């Protein structure tokens, strides 16, 4: 009777994409030297492999991507299969694509060197379309999501290269390049796919059930717990330890603030699970870009307090306003969890950069702000000449977020237009937020509820 | 109509507490040297940071605190938001407070040095009020819980200092200072808040649903899996490896024993999920204080068997008796999971200490029992003179648990009195074990069930 | 009225087994030297303990065993207590038994040396009966399961010794010795316990509910995320890094393929949660035996694509056929997740072994294929003389899987016969897939649904 929610042809295209990946891996990817056997006459360096010392942090990030994001999105009452399943599907596709895309930007001798570092980067890249998915949750087909993620990751890799290697901004925890990019890209797509004005009211399935809210807490708590690994994985030495400490404290302060503000602004002063599931994590985003800087414990806590407050107020006032006035639904409220906290992080990075001195950062200055030291490595093309001063670096931080927003929003609008006006199957209003259009759902259950 | 279950003023007080923390962090806390940049002319020590080598274990403990405790307490059918949410709220507040409180006891030059070690300690401290929360689950407001946790952690830090640095007891896995303290403090508070004698019967919400029981198993299994990290994180070298091995074996033996004893003593020989969720973990508590000693595999297994047996029998016979006769509800049965197994651990520590010799422990004796070696470090003030003998050390182990019980129960009674007789809102019987008094609960769901 | 589903006598026997373990630990097990105190006059080697460097990977595997397997099996609508509970029960029993059984094969001076390595091996051994449990899920009593696991682990240890130390096959991730053994042993037991031909239709409880399917995704995602740790834990250096990379890529490719093939072959092109929960993991099994070889990224991706395809087709066509024609129910479809992908892995290992050269593997050849180098260590008894050539090694790989299948199926038939025809209580058809026969299930809930 009714047409299936996802076309077969879409799945076939995804299979072809997978096979193209296979061919590209075959043509371009080789193990890095550290993952190759030692020459038979080389001295044995022992069994310890320094190059996998980040493996525990990689695993923490894996949990964040696959369990954290997946379960955070199970809060919708009838969309749990899709939340966990499509997260797995999208992440599995994106990690391969990210190895290739990011690899193409750093090839040596026409080959991509594959090591643990590449799959850490790939996991971080997978966060980007998963954030965007949060803005669209329940209102696209899986085919649309997957195709979006392929476009998005390519743009993300380009923007990240620009921000880190051309503008030389600092962005240790990726709030600018990952969170802001993912959030605003997703919001732009959502804007393009927004409902007609006579279909703007929230559907009854656009909410949680008691059980689905608890499933979502699995996602929240794992993201909370492992966030220090996400922020610190690309930092080394003392900077890595600071990234851990600052992220931990910012999260803790954001969490306390979230509960308090949630109670103060909510109906009957009851706590709201949406705030608890999401705004508690805003501290991790807001501290991201600056997590390895010399914030001090108080700096981290202050950022957390601001992030928790802004995020809860966003959920309480801004999101309903955007739904009513812009018809922008933002199902998971990624603007409040990723978007605004990332802007806070970018602003904080400009403030701290403007105060950075050699006297304070000593030997780390050239790692954290390479353009300020005049030691441009082989890959770093410093804009604005050598030996940027602190004020100039602060300006570049703001420039970095501005360019990121531009590329993300522009790319999102284009992608959204492609998803809407080309041959993709678009969901109708009454097909939103329901697993049963793409999944075989247990029959009895389906009737009961 | 009805007054909200938590007063706004309480949340405001918590916000003020958070801001006081911010000020204290600003005044007193500085990064430790390991987390500060190297001088620009210092030789680069490489990217490896020895000081974060415990990071993977820290992350395991984070999972135990936030996911383990949180989900273990979701077993009540209508209290899952509170179990997971208040765990997050309390732990986020306590970790900050613990960094400060424990820091004040170890200041250098008027400042607290912040490093990974401090937040490991803070996570361990967070376990203490979470254990107490288990005894009170569903019968307090969040404001009461949070205020309790602030008092409790201050007392905990003082008692821990006394036990470890004044009495010089061994307590590697914290069964005395963490588990016994948290359990008996919580029970003392519960005794103060106990219902009037005509309201003593268990409410219909004081039980599990099929789904909530499975959610609780998430907590159980993560606690089970990561318990070796909790017990071993403060041990080094060979002692750390023994702590892992002994904890693992004790948990395994306690688990097998729990299932068998549960079937033997239960109605119709059916297994009881309460036992499976909790008593399986008693092996981790009971081996805690002695986990780095030379127990041998058989010693660890024996402790596990005893702990599993005692814990199940406690749930089956002692808890109902306490509810009926003392009106002490102990919602999660923390007396059976944390209290009695911690006493077993303390007794075991006296036994093993009484047999400790230099010949056996060699170079580790001074780490494990510093008072026995006469090498008193700067912080260790040995009571009873230098060079304690083994019998004397055994006596101090028992003295340590006795003082801990005294402080925990005394502190709990005082705290309970404050929560009951001052301006705090107390819950009425029919408000117990229900999320909907503090949380916005999905409307449809709420009507359905 | 009705007899309890598990006899008391069975539980008593298990307690006796636990006490026998205690005695065996006391008689035979001692800490390894690395876990013993240094002599008091020895130089301090620092606090770092090289011997626990695999601890983070051990913890990942713990999560796979206790959370991964446990929750993957919660997909049945009324069997969640048993899935999580019996996993815990079985694994706790088996890890102790595996330390002893595998220890007896490697004793030194009549004693088993206990170190972290032993409990890593024990966790891997625990996977074996858990895989078999998947084939039987819901159709045995816990006593039958536990007794089966005791037989099975003994046979597993013998077969593994034969394969690795006598035939000198490579099997880094254990697809042959763990996955194939566990799957075919379980299937053989299931065949022995198959229903009478007039009782062959699937019961209405042999399926998922909406909530139980999401619980199962907890298992799937944790297995997915930590699978690289399982495959790489026994590899060192560069081989370990390759094991991580290959497993990751194979899983990703298998996941994409699973979604696509699931949509293509399912009714109305809807996705099937059974495929998503299981076939996505087939990539981890199929790459297991060869994960440390020089597959290249494309090799790993190709194996993943094949595994995902075969696994989904197995669920869609082969399992229903086996149920209809052989009355073999295979509740979790372990044949599609573990059995066939393990065969693929064995065949791949023969292919890659046949192409292995010293020029390519350099110094690693003697670690990976010890029989090819003629350097037979103390334990390695090379069959077929010294210096096996590549073709011969390929033959041994196939011989290894053949012998494994023979022992697994033979042992499974024998064990199944013991479980069926001796004094064990067997479940009746209408007792299948229901927790309430062994568990106290919440009363209200039970009536409602």
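Letters A, B and C mark the chains as written, and numbering starts fresh at 1 in each.
We take it that contacts are C-beta pairs under 8 Å (C-beta built on N, C-alpha and C of every residue); 3 or more make two chains touch, one makes a residue touch a chain.
Here's who's who by UniProt: A, B, C = Rh-like protein.
Keep in mind that what you see is a predicted model, and the values were worked out from it rather than measured.
Student: Can we say the copies chain A and chain B touch using the same residue numbers, with more than half in common, or are the two sides different?
Tutor: different
Student: Fitting the CA atoms of chain A to chain C, what rotation angle results, rounded to the nearest 5 degrees?
Tutor: 120
Student: Taking the mean of the CA coordinates per chain, how far is chain A from chain B in Å?
Tutor: So the centroids are 34 Å from each other.
Student: For chain B, which residues are shared contacts with two or more other chains?
Tutor: Chain B, residues with two or more chain partners: 56, 211, 218.
Student: List the residues on chain A that touch chain B in their complex, please.
Tutor: Going by the criterion above, the answer is residues 50, 53, 56-57, 60, 77, 204, 207-211, 213-214, 217-218, 220-222, 224-226, 228-229, 236-242, 244-245, 248-249, 251-253, 255-257, 259-260, 263-264, 266-273, 276, 280, 294, 296-298, 301-302, 305, 358, 360-365.
Student: Give the list of chain B residues in touch with chain A in this complex.
Tutor: 4, 6, 8, 11-12, 14-15, 18-19, 21-23, 25-26, 29-31, 34-42, 44-49, 51-52, 55-56, 59, 62-63, 66-67, 70-71, 74, 78, 80-81, 84-85, 88-89, 92-93, 95-96, 99, 114-116, 119, 142, 211, 215, 218, 437-442, 444-446, 449
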